[in-house]
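Shown below is the structure under consideration.
Order of writing sets the labels: A, B, C, D and E. Residues in every chain begin at 1.
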Amino acid sequence: MGLFRWSQSRSLWMMHFCTGCGAVEMPPTMTSRYDMERFGIIPMATPRQADILLITGYLTVKTLKRVVRSYEQMADPKYVIGFGSCTINGGMYWDSYNTVKQLDLYIPVDLYIAGCMPRPDSIIDAFVKLREMIAKGEANGWKRYRENLEWYRTNQAKVFNVEKWSAIEP
Amino acid sequence: MVSPILAIVIPLAIAFLMPFFSALSRKSVKWVFLAVIAFNFYAAIMTFLRVLSGPILVVTAGIKPPFAINLLIGPLGGLLFLLFEGVAFLYAIFLLKAEIKEPVHRFFMLFLLNVAGATGMILTGDLFNLFVFLEITGISAYGLVGFKRDKKGLEGGVKYLILGSVGSTLFLLGVALLYSQVGTLNMADIAGRIWMLKKPTLYAAFIMFLVGLGVEAELFPMNAWVPDAYEGAHDTVTAILSTVLSKAGLYALIRVVFTVLSPQKAFLDLLLWAGLITLLLAELSALRQKNVKRMIAYSSVGQMGLVVFAFGMGSLFALQAALFQAVNHVLSKGVLFLSLAIMGKKREGLELENLRGIGRELPVTGLLFSIGALSLLGLPFLSGFWSKISLLLSTADLKLWVPLGLVLLASIIEAFYYLRTIGVFYTGTDFRFRETAFIRLLPVLVLVFVILYLGFRPGVLAPYLKGAAKELVDRSGYIGWVIGGLKP
Amino acid sequence: MVILEFFLVLIGITALGLLYGGIARKWSARIQRRYGPPFYQNFLDVFKLLGKKNTKSHGVMFALGPVIAFTGIILSLFFLPLGNSRPLLSFEGDIFVLFYLLVIAPLGMALGAGEAANPNATIGIARGLTLMLGYELIFFLSAIAVMVKFNTASLWKIVEIQGTFPKWNLFPFFLSAFAGLIALQGMMGEKPFDLIVAPHEIASGPMVEYNGKYLGLLQLYHAIAIVVETGLFVNVFLGGGSILTFILKTFFVFMLAVTIDNIMPRFRIGQAVKFYWKYPLIISLLGILVVFIWR
Amino acid sequence: MNGEMEILEKVKKAFGEKAETAPKWERQSEIKVPLELLHPLLGYLRAQGFGHLAMISCVDWIEEGEFELVYHLWSYEKRLHLLVKTRIDRENPTVETIIPIFRIAETYERELHEMFGIDFPGNPNLTPLFLEDWDGSPPMRRDFDTRKYVEEKYGMIDLTKELWKREEPVLEGENGED
Amino acid sequence: MTFWVIASYFLGGIVAYVLARPSRKIGAFVALLFSIYPLYALIPALDGGFYLRFTVIPYYLHLSFRLTLLGWFFALIAATLYSLSLFSAYSEKRDSFFLLSSMFSAGGLMGVFLAADYLTLFIFFEIMAFFSAFTFIREHRRSALKYIIYSLVGSYAFLAALLVINRSTGSLEITPLSGFGGSVPAVMSLFILAFWVKSAVMPFHPWAPSAYADSPHSYTPFFSGALSKSGVYGLVLAFFYIFAGFFKSHHAFGYIFAWIGALTALFAGIYALLQDDAKKLLAYSSISQLGYVAFGLGLGTSLSITGSLFVALGHAVFESLLFFVIAAVYIRTGTTMLTEMGGLIKKMPISFIALLFGIIAAAGIPPTVGFPGKWMLYEAVLEKGYPLLAGAIFAASITAFLYCYRLIYSIFLGPLKKEFRDVREAPFPALVPLLLLLIPLLFFGLFPGYVVDVTDSILREFGYLGVPHTPAKLLSGLGTFNGLAVGITMGAAFVIAFLVHAVFSRSRKVSELNNYTAGEVAEGVSMHYVADFYKFIERELHGFLKLRVEALFNWIAEGIGGLGEVLRRVYAGDIQAYLVYLILFLGFLFTLYRGVLRW
């Protein structure tokens, strides 16, 4: 299985969910200046074809519901990169009534990039770090999600004020 | 052996006795009428069976022709005689159930006069006698058309009266012209001496006869009265008018042109084109006609034009086709008008709109109407088809390409409005099944049976058609019968 | 033996296609002054996709779509001469058969994407089919000029007639070849005609619902399709020669298409079809006129 | 300045002393008016050329137990900014919708309904705008304690404690030292 | 024997009419039995080709029948299609009048194929035209009338031609016209007009879309699949048997007819793209396929004639298959509008498979019956060296591919509508025609040789040499096509692809909503992109699409109607007017005979 593991680490297709202000950092990463394609990472339009889900900013409850649905639409193995301090602990919206504080409670995050909107070089650094984690087989957020789905579902239900919540499948 | 003369005399006599019968009992009038027509029908059958072996000469008042009035019945006369009496008999049955406005006995008197006159026209051998019978049928027809005394009936009746009388006076002028030149009134005699007339008088006589009889035979300029009269008249009257009377007028015209005035090229061409124009004009004006009865009236005028066109061609095969077409026209029009009468009872007006879906309400009548119409259009394996095909074959034989095209165009137009009508009859959802009394359906059934029978075995009529055509074509034979050694 | 030879050809062509894809991405990156992925990146992509688990399917037809697409393109390999080596079934079908076989693959993909009931996919398919109305006709007209001149419909015979370099069809039929090139651009879905997969507008068109191994299969199909389509053009216009020259020629034609792809913006679908019915149509008709005058 | 005075005079004349008018800033003045005069005034002003309703804001005077609704009107011809202020009760705040006068008001009223809990009878679309699945009391009211809500809903992260521990060990090497 | 082939239809029609009154199922079943007999009688009849002449009606005219190979070829197609359509009619529970008129129309068609002289041909042509219109005159009077008038114009033109031929050659037998007096082109154009109209080739096609769309769904396969073949039969007879001399000597006529055929195929294909009603779409597709046939006949080489006969057979197979599927879908969903359907693959899988094979054949993809015919046409046009014609035909076959996909996508793929939640697969009798038609669809695709055997012997009768072929392989001067080889390789390729697919991890079926909106579909919003599917093409071709030949015919009809309106006034005058007419006529007669009367 080494070949698959190696190819999974070398060819990553990324779908960035532009929620907050982080999205503006993506174009320089993709284009000539920093060129993430060198690492085999191309932006993909649909969750179906994506491997990485890049959450690029703070998450209101409303957007969180859509994020979870796109996450469920992706095929395994899938990785989530939390982008900027808002996903880590709510960042400057730490006491806002509307934003989600800790993304990790709702979808498994493999990698966080600190910084109140990190620069492209730290994004590239994150991608390189992710490649190593995949190669070593550490990036298994999707396994964690599948094993304790119940825990995630209760968290999600709590924040969506509904007693039982399923993403897409009725 | 029943002498055909009785078929004329008895109806005339009974007609005048009608008031007494109605005095006896109101209901008996219908049955008496039926009895007389039945007798006529019987006489017609007997003569029809004998006529093929040889023509029958009946002399009145004992004196030998050409001095006395004589009746001469060749295959042509026999065929038409049977046709008229048969159709009249069916109408009589149909009338048993029809409601007729008071006074009923006068209606039946006029009807009897009409049938007697028509029979007389086709049997007589004397020109003046022809005029007399033309007058009898004419006057009784004017009465019948206006019998309902409603606005449409009166209007139609008056128009028919005026045009009819103008026509018959012109015919009388023609007869007088001939009499002054030839000195005799017997058709065969005139035919024998026609060479004596100079060309102008011959043509003048022809013009008089053409216009005179054209009114009755519904040719183009003279047939303007037809739609109003047919629409206004009581439905059985329309039926008898369109089938019996128009054929009688046609017979008179043909007899005069072919036998009396010798069928010259100029005459026949005029007949041909007059017929063609009548056909086209009638079909075209029927296209946008919303009232079904008036539409069928136009179609019957058109068909008459077609028959005259066929006679106008003059060849032996053409005449046979024309006669066969005339027979089919009688059958189809009978079916159409009678079934329309039955439908008329179920709905108030006869407009196309309020007859929508009648075919589903009266399935049998609808089916019969469709068969009658389709036979007229020339659906194969119906009698109309064979006559139309033979007519077109004869047109092609005479290399008349333009008329062929026009006839085909006319039949396409005819197909359009008949199928539109049938389509309208059958649209709409299923209504309650309310079929009419069987006695009223019987005549229509008989006519449709004849259409189907002729459709599958047209050969039955072939000998009669051949004989009639031969009778028209060789005038000397006709003259020979009357003047020569034929014993009465 | 024939089966072994066929498998060799199949794997070889697939590898070739993926290689072309990798080099094309490297070449486009270079044009945009960036390094771009390693040339074997396409291989990695395919392996990653085939290794995906928990792929989602919308039904039998959805799963069969890529399979039929793959079948169609494998089938056309049977009839495509590679350089001077006769194709396996050259006696069994000629260029018209090949034209109709090339239609099976888009049909398969369209049926699969249709089952996915995603409006993006259907709009992509509608665009693809409409575009086909444009380029197929032009390619046919340019090929028919050659066929009428040599009075043959067998692709193998056309290749034989051309022989070596100076006798290519490119020079006598220059107009038809030029029109053929424009049609090829549309056939391969390169910009300005990449309306089918327009990522910005309809999120990669018909492939929007495909994930995991289905997408891998479609990548393999796309790879072979590149070689087959350019191969068809090469056989008709750039003549025979050994397999190596065939590879070089197809590579060069493909690189030409990729360069144009990097420069041109994208047509609207209405414009694209109208464009095809204007200029390339006139050029190919002129090409045919030339054949008539020349004959 | 003359434009402003002229319009305020007109309003004074039209609505009597109930409408207190006072110029506030250069090109901006305010009109305080009781609730029942609100709609006629807005209609009148619209007729006077104040066609643009820029915003409806609400001030929570919790001490007086009232909400103050401020309708910001702007006129393109006069280039004037008018603030129409009115006071409504805080317990059950209901104001008839002004959609018949200004169609745009639907979204503003929807937001006020969501954030302040003001009811606008006649507004067809008072569904939640930003706060989907919201269960708390309207958040913009001053008596809403944000900190307590966040603590109970999302679980407050006490930033003062040391770095939030993750299960896996933090890798030495690359980014360990900075 | 031939008599009973035709008579059993008419007899069956009457018996079915009577029996269907009490219960429609028995009526349909009996009709089916009566339609099986001709099929049973026709198949072995190939060797006993004989001449049967009998005078049904002893009146100067007689009906004579003869079993020719060409007649047998088409009669067999028509008989099979008709009995299949009765299967579908059985499940549609059609009423008695429909059974009568459809049986009579089938009888008429048989009569056309087996007629030995022009008059019999004309008679049965009329019967077929009238009764096929009666099947749907009740529900859709307007389109039925339009159909009857077009076919009447055609058949009366044929009648005129028949009369002219009879006039000059004296006999009505269908024999090649050698010494012929009158102007042949005029007679020939009149002669083929009837068949031109019947095979719905442009410019005489306006009746076809409304007629095919409105005729009863179970009857349309026979209507479009077999009735149009009477037109093809007539054209083949006219071009290669009766007027063969003229046709061979005047190439221009053939070339023009080939262009008309090609343009018909192309334009009908484009119109088919833009229809929203499945029946109308298939109607235009049927016209397009007949355009191919006309193209083949126009070229006139032995390869092109075999090609067009093969396309005629193919059209009969896959077009009727498509119509049968629409009929089956209609039974369950009650609509044929593409915009109202969607996602039926989940509920009606068998119909889906049948439609899939149908559209593969309609698009002409190799292993099916649609391809060999087209292939031969391409070879023929290439042999003749007309590249533009080849281009037009190829463009037409691309449009075929386009509207085929639209058909299968709008009905079966895409999201399932709520009201079709509980739809079951079509009833078994409606499925029988689908499954039975799949057999010839694949068999003649893999082994085209067997069909070419028959067409070769037909061509030999007309003095053409056939197409060199083996049971599976067709050879033409320029290229080869081996149906079996292509079929086998396709199977092998499919196995390889399936293995590649199956090797990797299994996939999990996902709910239907889990795509574009991830499960959040708002009420009443349909994600089915089907209305205006090819709007881009329509926008480009807008100017061209507006001009329709139908407008010309409607204008003529209006003209005649207007004339009728004017003339009607003649009869609506009052009595004075009538007298004026009389006097004018007298005056006219006197002036006419001025010369004779000398005044």
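General observations
The rule we apply is simple: a contact is a pair of C-beta atoms (placed from the backbone, for glycine too) under 8 Å apart; a residue touches a chain by one contact, two chains touch by 3 or more.
The shown structure was predicted, so the numbers you read here are calculated from the model rather than taken from an experiment.
Contact with subunit A and subunit E alike is made by C.
Path length between subunit D and subunit E in the chain contact graph, taken as the least number of steps between touching chains: 2. Compare each chain's C-alpha centroid with the centroid of every protein C-alpha atom shown, and the nearest one belongs to E. The leading chain pair by number of C-beta pairs in contact is C-E. Once the centre of each chain is set as its mean CA position, subunit B and subunit D turn out to be 96 Å apart. Centre-to-centre spacing of subunit B and subunit C amounts to 80 Å, using the average Cα coordinate of each chain. Mean C-alpha position of subunit C lies 60 Å from that of subunit D. If you average the Cα atoms of subunit A and of subunit B, the two centres end up 98 Å apart.
Shared contact sites, meaning residues of subunit E that touch two or more other chains, fall at 510, 514. In subunit B, no position touches at least two other chains. Looking at subunit D, no residue sits in touch with two or more other chains.
Here the touching chains pair up as A-C, A-D, A-E, B-E, C-E.
Of all residues in subunit B, only 158-159, 162-163, 166, 199-200, 203-204, 207, 210-211, 215, 220-222, 224-228, 266, 270, 281, 284-289, 298, 374, 378-381, 385-386, 389-390, 392-393, 395-397, 399, 401, 404-405, 408, 411-413, 415-416, 419-420, 422-424, 426-427, 456-459, 462 touch subunit E in the complex they form.
Listed in rising order, the residues of subunit A touching subunit C in the complex are 3-4, 6-8, 10-11, 13, 31-32, 35, 37-40, 44-46, 48-49, 51, 73-77.
Contacts from subunit A toward subunit E in the complex involve residues 66, 69-70, 72-73, 167-170. Remark: subunit A residues 60-62, 65, 89-90, 94-98, 100-102, 105, 125, 129, 138, 158-162 touch subunit D in the complex.
Subunit D contributes residues 130-136, 139, 144, 146-147, 149-150, 153-157, 159, 164, 168, 174-175 to its touches with subunit A in the complex.
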